[in-house]
Structure formats: structure tokens, C-alpha cells
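Next up, some structures in C-alpha cells.
The same chain A turns up in both complexes below, where it pairs with chain B and then with chain C.
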Partner chain A sequence: MKHKLKINRIIRPELTVFVFMILSLVVGILLSPNFLDIRFLLGSTIFYCELGLMAIPFTLLLTSGEIDLSIAANMSLVACLVAVLYQAGMSMPVLIVIGIAVGTLLGFFNGLLVTVTKLPSLVITIGIMSVYQGFSQVLVGDAAISGFPEWFIGLDQYTILGLIPLNLIILIVVALIFSFLLKKTVWGRKVTAIGLNRGTALYSGVAVEKTKVLLFTIQGTFCAIAGIMTMSRLQMAKYTIAGDGQMDVITMVLLGGTAFAGGRGSVLGTLAAFFIIVFIRTGMRLALLSNYSQMAILGLLLIVVIIISNGLEKMAKKYE
Partner chain B sequence: MKKKALSVVLGICLLGTALVTGCEKKGVEQSAKSDSSKQEETQGSTDDKEKGSAKSASDVTVRYICLTKGIPYFDPIIDGMKESVEKAGATFQDTAPDTSDATAQIPLIEAAIQDKVDVICISPSDPDALCATFDKARDAGIMVLCVNDDITGNEDRRDGAVMSTDYDKLGKENFEAFAESMNYEGKFVALSSKTGTPFQENQMQIYRDMMAEDEKYAKMEFVDVLYGDDEATKSLTEAEAAIQKYPDLKGIISPTSVGIVAAAQAVENAGMTGKIMVSGTGTPSQCKTYLENGTMPNAYLWDTGLCGNVAGTLAVKLATGEATLEPGAEIDLGEYGKVTADDDCLVPAGDPLKFTKDNAGDYDF
Partner chain C sequence: MKSRKLNLSSFRELGVIAMIVIIYIVVCIIEPRFFSTTSLVNILLFFPFLLIVSLGEMIEIVSRNVDMSLGAILACSGYAAGLLFKTNSDIPIAAAFIVAIALGCVLGLINGFIVTRFQIPSVIVTLGTMNIYRGVIFILGGKQIDNSVIPQSLMALSQPKESIIGIPYSVLIALLAAVLLAVFLKYFRAGREIYEIGCNPAAASLRGISNNRVQMFVFTLAGGLSGLAGMVFISRIGYMDPGAAGRGLEFTAIAAVVIGGTSMNGGVGKVTGTVLGCLLLGVIQNAISITGISGYWQEAIYGIIIVVSVIIDNLIKNRLAVSEAR
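On to the complex of A and B.
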């Protein structure tokens, strides 16, 4: 009995992710002799920290069985809005608050739409995505807005002991907080319960709709923060600032062992997946592989990890 | 319950700090290691210098970072650079981001720094966004050469630039040939691409300056600027509308390869061949028909392959110390000719090419 319990504890969906994280590190080392340089590796995380930051609340959202495809669009809309208002003469500290408030509202709006219409969030947020993208293009057109104040730009240049970028620290702290929220609080259990079986959760007295709206709202807040952080890093805002970021975020979350249908989620798995993506992309860039092959390899990896972690889950269930 | 939650939060905070400090320790060890290896390296290089030999060409790596993947215009530049770098005995690598966003090249520059290449040749996507990363590369002892496009306004943030040709000279020669074909009199319009594109705006400014400065253009009248957005259909429509609007139009000059073809087509459609002269910048293969039937007496462009050749050869020569790039420097590049740097260390690769009905068939681009 004791023996069985142990195996059950070791074989977890997240295990695959951590194994693959180590593997991706090894692959990176094999790809280029210049890969294993802690300063360079940590420095390379800054290109993905904003996406990672959106992937953290996204893990909870997906665990509850919902998805938000408009996150990258929300992010660029906030960035464009802040940039345009800054150009119009408003002060940056005020705009940061306004930007975060707007992002939060956009998220809240998504939550309301999904819960009120009772339509799949996939459908709703595809539409919303185009709406936000359209708005940002209307706001700034093709232009890139720059010329932000000196103190605002280059957040990514701050490091702890000249080594760990501030953005990465923020990401890790946020991940730890959300991991605690998901695994150790009643609220987190409710989020998982909603994803497992919405009906059961509802009849057990979980405020399903309210929780979902809250999750979308938090997602919106983090999209706004990510948008402003990206502006600071790139020293400009443009409607393409987030690109197809939602795809990278979804890849991170799924790679991290969160179930697409909800009911199972791991924030620390997402964090590990974040590092997998950083390692692989950085390694392949050093090996001068094109972005297209990077995408193909990441896609393959995603499929392999999901198949393995599903298999492991079934195995773990057998031992129960 | 509250106590329990509090203790867990505290625990997490502790874990967080432990993680951070843990990372720091590792990092310090690592950086100490890399410092010592760096020292060894610098010692190595001083040894080399003491022997009196700078880096030999076979140790030189030149990496070209293109604007973005899949623009045919850049293919001859890449091929030309590869050819000349490898001919010099050095290693050539090329890479490119998949979007032309202002900052998409930054991770690629960072990777080049990490790989300790000797020269970064780059066609920059933005004149401002890359400067901080260029500084980092140059601090690491890497030479940064802009190719085909420059970071205008920030010239001191790169080591030099290689342009396909002297665009001012191109503009002047082109306008003179255009004016000559119009017999220095009559109305003409310019068909540009989008509003505010630097190359086209600069070319049109050159025309205006020449008309203001020289009496011989006094009978010419620059009546309008059309914007065809570098789209074939829109350019054609704009050109046809201008022919309607100005019945006594004598010429269309188009400093864009899409526009010049559209202008020639519009003139032909209107049956005005020989009455309205067309000129500008365009590739010989696209313009051949119109050059031969007289709609377009001449067209201009530059040799992008030569631009790649010059950039590649120059990069290797600079890395080996055979040449130094400073304002006014004259550098002999062997089979690719002699080049002269201007005050901003900008090097035009060659003279503008003039295409007429006699030589249009000689080129394969």
C-alpha cells in the first residue's frame, strides 16, 4: 500500500514537463557550445517573460474549463491606448493605472459575455480578439509610437546582482502566488472543481459564474501588465506588439500539463514549460535554425508531452 | 485556519528568497568561471598580437541578419555576401527574423553576440530600436555594419554602412536623363509608393532641388505627386487618372519599381507612347518591353549583388585589420573595385546602373 502511494505521488502529469525541461537544456547544450552561459540564458528569458506572465492566470482559466484567445489582442490594445494617450500629453504614471484598469475591464467584459451568453469561450473570444485587434489598428494605424519617458523604458534592463532580470523575478513570484492559490486554497479547489464537472460544482454550492468572471478579469489585468511591460522593453508600441502571443501562451500552459478540457492544472508546470520554450528557442537561435523550424519542433514537443502525460495519468489511476 | 494560511504564505516567501539567493550563488560561480575563461581568451588574443599577426581570415565569422525572411530583393545581397566572404576564406552565416517588426532582430543580435562572431552585417528594420543592442555588440568587440539600409540619425551607433549605391547620385543622374528625354520642358508628375517612405521622399526632394538650382530645368513644371502604395493596380489607376487630369503631361518619373511599370503601362494604354516619357527606378527584366518600345527611354537601379560582395569583402578586411573604416577612407576591395567612405562611414558599393534599350537584355534581374 505504501509502495503504491509513493508511485502515485511521483508519477504526475507535471513530471513529464520537468523531465522535458532538463532535456531541453541538454538539447540546447548539444546545439551550441555557447548555450550554457547562465547570464545569457537568464538574459534570454526577457523576450518571453510577458507571455509567461499571461500564461500564469491562463493556467487557472483553462483549469476551470474556459479559454481566452483575446489575450494578445488585449495586451496590444492596452499598449496602443497608453501610447496614444501619452502622445496626447497625459502623464505616464496615471496612464499605467488607466492601462491596467482598461485591461481589467476588457477581461471582465469577456467574462460577462461568456457567462451571460453561455456560449463556448473559444467562440466568443475569437470574435473579441478581432475586435480588439481592430481597435488597436484604428488607434495607431501602421505607425510605431515611441518617445516614452526615460524612467519608463528598459524595465527588462534591471537585474538582481546583474544576473537575474527583474521581469523573470516578477514572473516567478507571480507563479508561486498563483500556484499557492490553485493548490492550497478553497478557491483554487473550486476552480478545479468547475473544470472537472461544472454541474457537480454548481450543485455543491460553488459560485460557478462568479468565479469564471473573476478568472477572466484577472486574466485581463495580467494582459494589461504584460502589455505595459512589453512597451517598456521594446521602447515603443505598435498594434503588432503582441503578435500571435495567445498561441505561445496556450502552448506553455498545455505543455505545462494543464488539461485542455479543464479539471487539471499546474502553475509550476506552466513555469517549467516557460523555461522549455526559452531553452529551445534560444538554443535553436544559436544554431541558426529558422523560426519556422522552431515552431515545428515546439509543436511536435507539445504533442509528445501531452501524449506521455495522459499515459502517465492513466497509469497513476490504475495504481489508485 | 488563518494561521495555517499565513504560515503557508510565509513558507512560500521563504522558498522564493531561497530560490533567488540560490540562483545568485550559482550565478556568481558561473560568472567567475566565465570571467576566468574570458581572461584566458584575452590573453590568447594579446599573444596573437605580440606575434604581430592580427586575426587571419580563416578565423573570421561574418553573420548577416536580414530584414526578414523571404524578400526576393535581398537574395542577391545574401548570395553576393556569401560568395565574397567565402572567397576571402572566412565563414559566412545568415539568419533573419520572420517578421519585420522593429525589434524582431534584437534576439538574433543577442545570439550573434553570444556566438562571438566577428562582424554583424545587418539590414536594420528600424533606425532607433536596435541601437542599444548594437552598443552591446560593439562593447563585446563585434563590428556592426549596416547593409542596404542605414540607421539614419544614429550613425555613431554602428561602425559603418554599405549602401548599394549613392542614392543622391542616382537621383541626380536619373532626373537629368528624364529631363533630357522631355527636352527640358513641360509638365511632369512623380509616381511614388506610400506617403513618407524615406527613399522616395528623398528622390523627389532631389528633383525639386535640381529644378530650383539649375536654370536649364526652368521650363519644366513638377505638377503633382501620386501615391500608388507600391500596389500594381493602384499605381496604374493613379497614373491613368493623372494622364486624364493633365492633357498636356510630358512625363512621369517613378522612383519605385512597381510604379515605373504601372506608369509605362498607363502611357501605353492611353496611346501616348513618345508623347509622355517615363523614367525612374526599376529592374531591367520588368522594364525591358517598355525600354525597347520607347515608352521608357531609360531606367535606373543599382546592383544589389555588388552590394553584398562589397559588404562581405569589407567585413572580412575590417575584421582581419587589413582595412580600417574611417571618414574619407579609401579601401581597395580587389575585384569589387575601390570604395570611399563618406563622413558617416557610409560606403556606396558602386555606381548607379542605367538601363536603356541597348543594355536591358544584359542583366538577369
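On to the complex of A and C.
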């Protein structure tokens, strides 16, 4: 009995993703000696930290059974707004606060729209995505706005001990906090309960709607933070600043073992998936593979990882 | 009882028709140029490939699936047809159509196989295959198929002047596909089975309908439709940029399908609704360009109208459900 319990404990959906993380690192080292250079490896994470930062609250959102496709659009709208207001002569520290407030409000608005209309969030946020993306085009047009103050740009250049980028530290700390929230607090268990069975959660006294609005709001806040961090890294803002970021974020979260239908989520899994994507993308970039071939391989990886983790789950159930 | 049901369904589409008419009239008042056959043809020209893809998306949503890879399938099969023209310039168009549709079917079948064999949600599978299919194009070469390669007779399909009745043939192809699909869904056993597994998969399988077989069929059909859309796309746009072709088209298609009254919970949805949904998006698109609103506003307005019409549609549905219950 004890033996079986142990196996259950080891065989978990997240296991696959950790194995793949190590595998991708090993393959990377075999492909290129650069992978042994820890400074290079950690440095290559900075290009994806903002996406990772959005993926953390996204994990909770998806766990509760909702999805927000407008995250990348929200991110670029905040960036464009801050840039335009800065050009109009407002001071940057104030604008950072305003930007985060606006992103939070946009997220709150998404949450309200989804809970009040009771429409599937997949559909609502497709429309919202166009709206936010459209407004950022209205704000800046085709221009790329730059010329931000010296202290604002280059957040990604700061490192701890000259080794670990500050952005990565922020990401890891946020991931740990959210992992604790999801796994160890009553609130986090409620989020999971909503995703498992909304009706049951409602009858057990969970404030379903309120929790969902809160999750969307938190998502909005992190979109804004990601937007401002990206501005700082790229030293400019334009409406395509976030690209198709929502796709990368969804891939990251699903790869990390969070169930698309909700009810099962792992923030640490998402963090591991973040590293997989960084390692693989960096490795493929070193191997001079085009962006599209990189995406094809990531797509294949997504399907393979989910097939394996589903298989593992079945195996774990058999042991019970 | 039967007549009330009939009322209900026709009223559901009235909402979309009303939106189309209102927007059309308002824009005609603002800009009289909109009231012309040219702009009507432009509206119709907007939608052939969107409509064909939306039809595929609709049957997927009816069977409780969502397909994110349809845009990539469109690009992949369109690109294959383009390569065909490039290697042999006097290949008949019909052959290219067959190749594109067949390739679409195969790609759709792969989706269906993974979804049913491994029981993974279709969104995840198609999110993965979307990237894979688009990547395959780039492994095949990935250079843009230029205007010069594409035969004139194919481009003529999208020219109003080349058509006997003034409506471009590509529009007629799309409408024909819609009619055939509507007949198939309504009068054929295999068509009804799609609704049945969407309404209640457990009950359907108790009645001896194989969920997996029907789902495989749905994915294959949707893939084939996207392959057809790939050909219509080339004929309309005149070139094939494998990175951009059909990118994000899934989202527009989902919006059109949902505006047309198809339920994301499966089991409910009509071809007429989807046609009207596409038509509404076409009217909006053309209204924006003809009223001289800055192109930068286009996407924002587009999104707002999608959100608003989805919400209005939902309100009507709820109101009807309440009156039905009484």
C-alpha cells in the first residue's frame, strides 16, 4: 500500500514536463557548447520573461475554467497608452502607475463581461482581443514610439550577482507566490473547485462570480506589468509589441500540465514549461532553424507532452 | 408545438438580419455610395473563403470541438496548389482543387485521429497542429507564391466581370458549399449524427453512434472545406504568403459562427446562421472602408461589433428561453 502511494506521488501530470525540461537541456548541450555557459543560458530567458509572467496568473484563470485570449492585446494597449502619454509630457513614474491601473481595469472589465453575460470566455475575449488591439492601433498607428528616460529602459540588463537576470527573479518569485496561493490556500482550492464543477462549487458556498472577476483582474494587472517590462526591454512601444503572445502563453500553460477544461492546474508546471520553451527556442536559434520550424516543433511537443501525461495519469489511476 | 419551434428558430436569425439591415441603412445614409451593386459585390467578395472556413468551424463546434488549425490548413493546401502551378503551369485548375481539398482532408483527419485516439481536447490538439502545419509549409520551401504563377482562369473566379450573372464564381462556390452542407446536415443520417453527438455524446453512443467515427468525419470534412477555402483564397488574393495567409482566420470564423447563433456547448447551429454571421462581418468590413474611417479604427470597431452582437444575440436567446418556459 505504501509503495503504491509513492508511485502515485511520483507519477503526476507535471512529471512529464519536468522530464522534458531536463531532456531539452541535455539536447541543447549536445547541440551547442554555449548551453554549458550558465550566463548565456540564463541571459536567454529575458526574451520570454514577460510571456512567462502573463502565463502565471493565466494558469489560475485556466484552472478555474476560463480563458482570456485578449492578454497580448491588453499588454500592447497598455504599452501604447503609456508611450503616447509620455510623449504628451507626463512623467514616467506616474505613467507606470497609470499603466498598471489601466491594465487592471481592462482585466476587470473582461471579468465583468464574462460573468455578467455568462457567455463562454473564449468567444467574448476573441472580440475583446480585436477591440484592445484596435485601440492600440488607433493610439499609435504604425509608429514605434521611443525616447524613454534613461532609468526606465534596460530593466533586462540588471542582474543579481552578475548572473541571474532581474526579470527571471521576478518571474520565479511571482511563480512561487502563485503556486502557494493555488495549492496551499483556501482561495486557491476554491479556484480549482470552480474549474472542476462550477455548480458544486456554487452550492458549497464559493463566490464563483467574484472569484472569476478577481482572476481576470489579476490577469489584467500582470498583462500591464508585462507590457511595461517589454517597453523597457525593447526601448520602444508599438501596437505589435506583444504579437501573438496569447498563443505562446497558452502553449506554456497547457504544456505545464494545466487542464484546458479547468479543475487541474500547476504553476510550477507552467514555470517548467517556460524553461522548456526557452531552452528549445534558444537551442533551435543556435541551430539556425527558422521561427516557423521552431513553432512546428513546439506544436509537436505540446501534443506529445499531453499524450504522455494523459497516459501517465491513466497509469496512476490503475495503481489506485 | 412544432410551429412554435419554427418561430423560435426563424426569430433567432432575425436578430442577425436586423443588425445587417440596420448597419447597411445607416451606412447608406452616411455615404450614399454604399448603395450600389459594386459595394454589394464587394461585400459578397469579402466572404467566400471566410464562409467556407466558417462552415467547417461550425460543424466542429456543433460536435463540441473547436478547431484552431483551419487557417493553417487553408495556407497549407493553398500553398500546395501554388507549388503545383509553379512546377507545371498548364495543370488544369480542377486538378489543383482536388489536390487542395484532398490535402485539407488528410490534415483534418490527422487532427481527428489525435483527438479521438488519445482523447485530448480538440483545442489543444489543433493549437499544436496549427503550428505544425504552418511549419510544414516552411519546411517545403516557404517562399511566397507570386501573382505571376497563378493561372488567370483561377483568378477569374473572383472577378465579377468574368461571371455571367455578375456575381463572382467564388461566391457561388461558397454558397454551393453552404447549400450542400445544409442539405447534408438536415436530411442525411450522418449529418444528424453530428448534432446528436453534440447534444448528448453519452446518449448518442447508447444509441449505437460511434462518437469517434463521427468526430473523425467532422474533422476530415472541416479540413476538406478549409482546403477548398485555400483555393478560393488564392483566387481572391492573387498570391500566397505562407506566413500570413489565413493567420487568425479561425478567430474570425468562430466569431461568425457564434454570431450566427451556434452554441459553443454543441448540438445547436445552422448553416443559414453561419452565412448570415459571415455576411454581417462582410457588411461591417466594407462599411468601415467606404465611410472613410481611418484604417486604424477598423479592428477596434470590428471587435466592438463582434462583442455587441454576441451579447445581443445571447440576450435574445435568453429572452426566448424564458418565454418558451412559460
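Following the convention adopted for this analysis, the second predicted complex is superposed on the first by the 320 of 320 C-alpha atoms of A that agree within 3 Å, B and C clash if a C-alpha of one lies under 4 Å from a C-alpha of the other, contacts with A are read in each partner's own complex, and residues count from 1 in each chain.
Here, contacts are C-beta pairs under 8 Å (C-beta built on N, C-alpha and C of every residue); 3 or more make two chains touch, one makes a residue touch a chain.
The model shown is predicted, which means the values in this text are computed figures rather than measured ones.
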Quiz item: For A:L302, is the partner it touches chain B (first), chain C (second), both, or none of the two (neither)?
Solution: second
Quiz item: For A:S146, is the partner it touches chain B (first), chain C (second), both, or none of the two (neither)?
Solution: first
Practice problem: Could you say whether A:N34 touches chain B, chain C, both of them, or neither, answering first, second, both or neither? | Solution: first
Practice problem: Check the residue A:Y292 against both partner chains and state whether it touches chain B (first), chain C (second), both, or neither. | Solution: both
Quiz item: Once the shared chain is lined up, is A:V97 touching chain B (first), chain C (second), both, or neither of them?
Solution: neither
Quiz item: Given the touch rule stated above, what does A:L176 touch, chain B (first), chain C (second), both, or neither?
Solution: first
Quiz item: Between chain B (first) and chain C (second), which, if any, makes contact with A:I250: first, second, both or neither?
Solution: second
Practice problem: Pick one for A:K184: touches chain B only (first), chain C only (second), both, or neither. | Solution: first
Quiz item: Considering each complex separately, which residues of chain A are in contact with chain B in the first and with chain C in the second?
Solution: 290, 292
Practice problem: Quick one: which bits of chain B touch chain A in the complex? Just the residue numbers, please. | Solution: 5, 8-9, 12, 15-16, 19-20, 23-24, 26-28, 30-31, 34, 69, 93, 95-99, 101-103, 106-108, 110-111, 114-116, 126, 128-129, 132
Quiz item: Touching chain A in the complex: which residues of chain C?
Solution: 66, 114, 118-121, 123-125, 127-132, 134-139, 142, 243, 251, 254-255, 258, 264-265, 294, 296-304, 306-307, 310-311, 314
Practice problem: Over in the complex, which chain A residues touch chain C? Could you list them? | Solution: 69, 113, 117-120, 122-124, 126-135, 137-138, 141, 247, 250-251, 254, 260-261, 290, 292-303, 306-307, 310
Practice problem: Please give the residue numbers of chain A that touch chain B in the complex, ascending. | Solution: 32, 34, 37-40, 42-44, 47, 144, 146, 154, 160-161, 163-164, 169, 172-173, 176-177, 180, 184-185, 234-236, 238, 240, 243, 282, 285-286, 288, 290-292
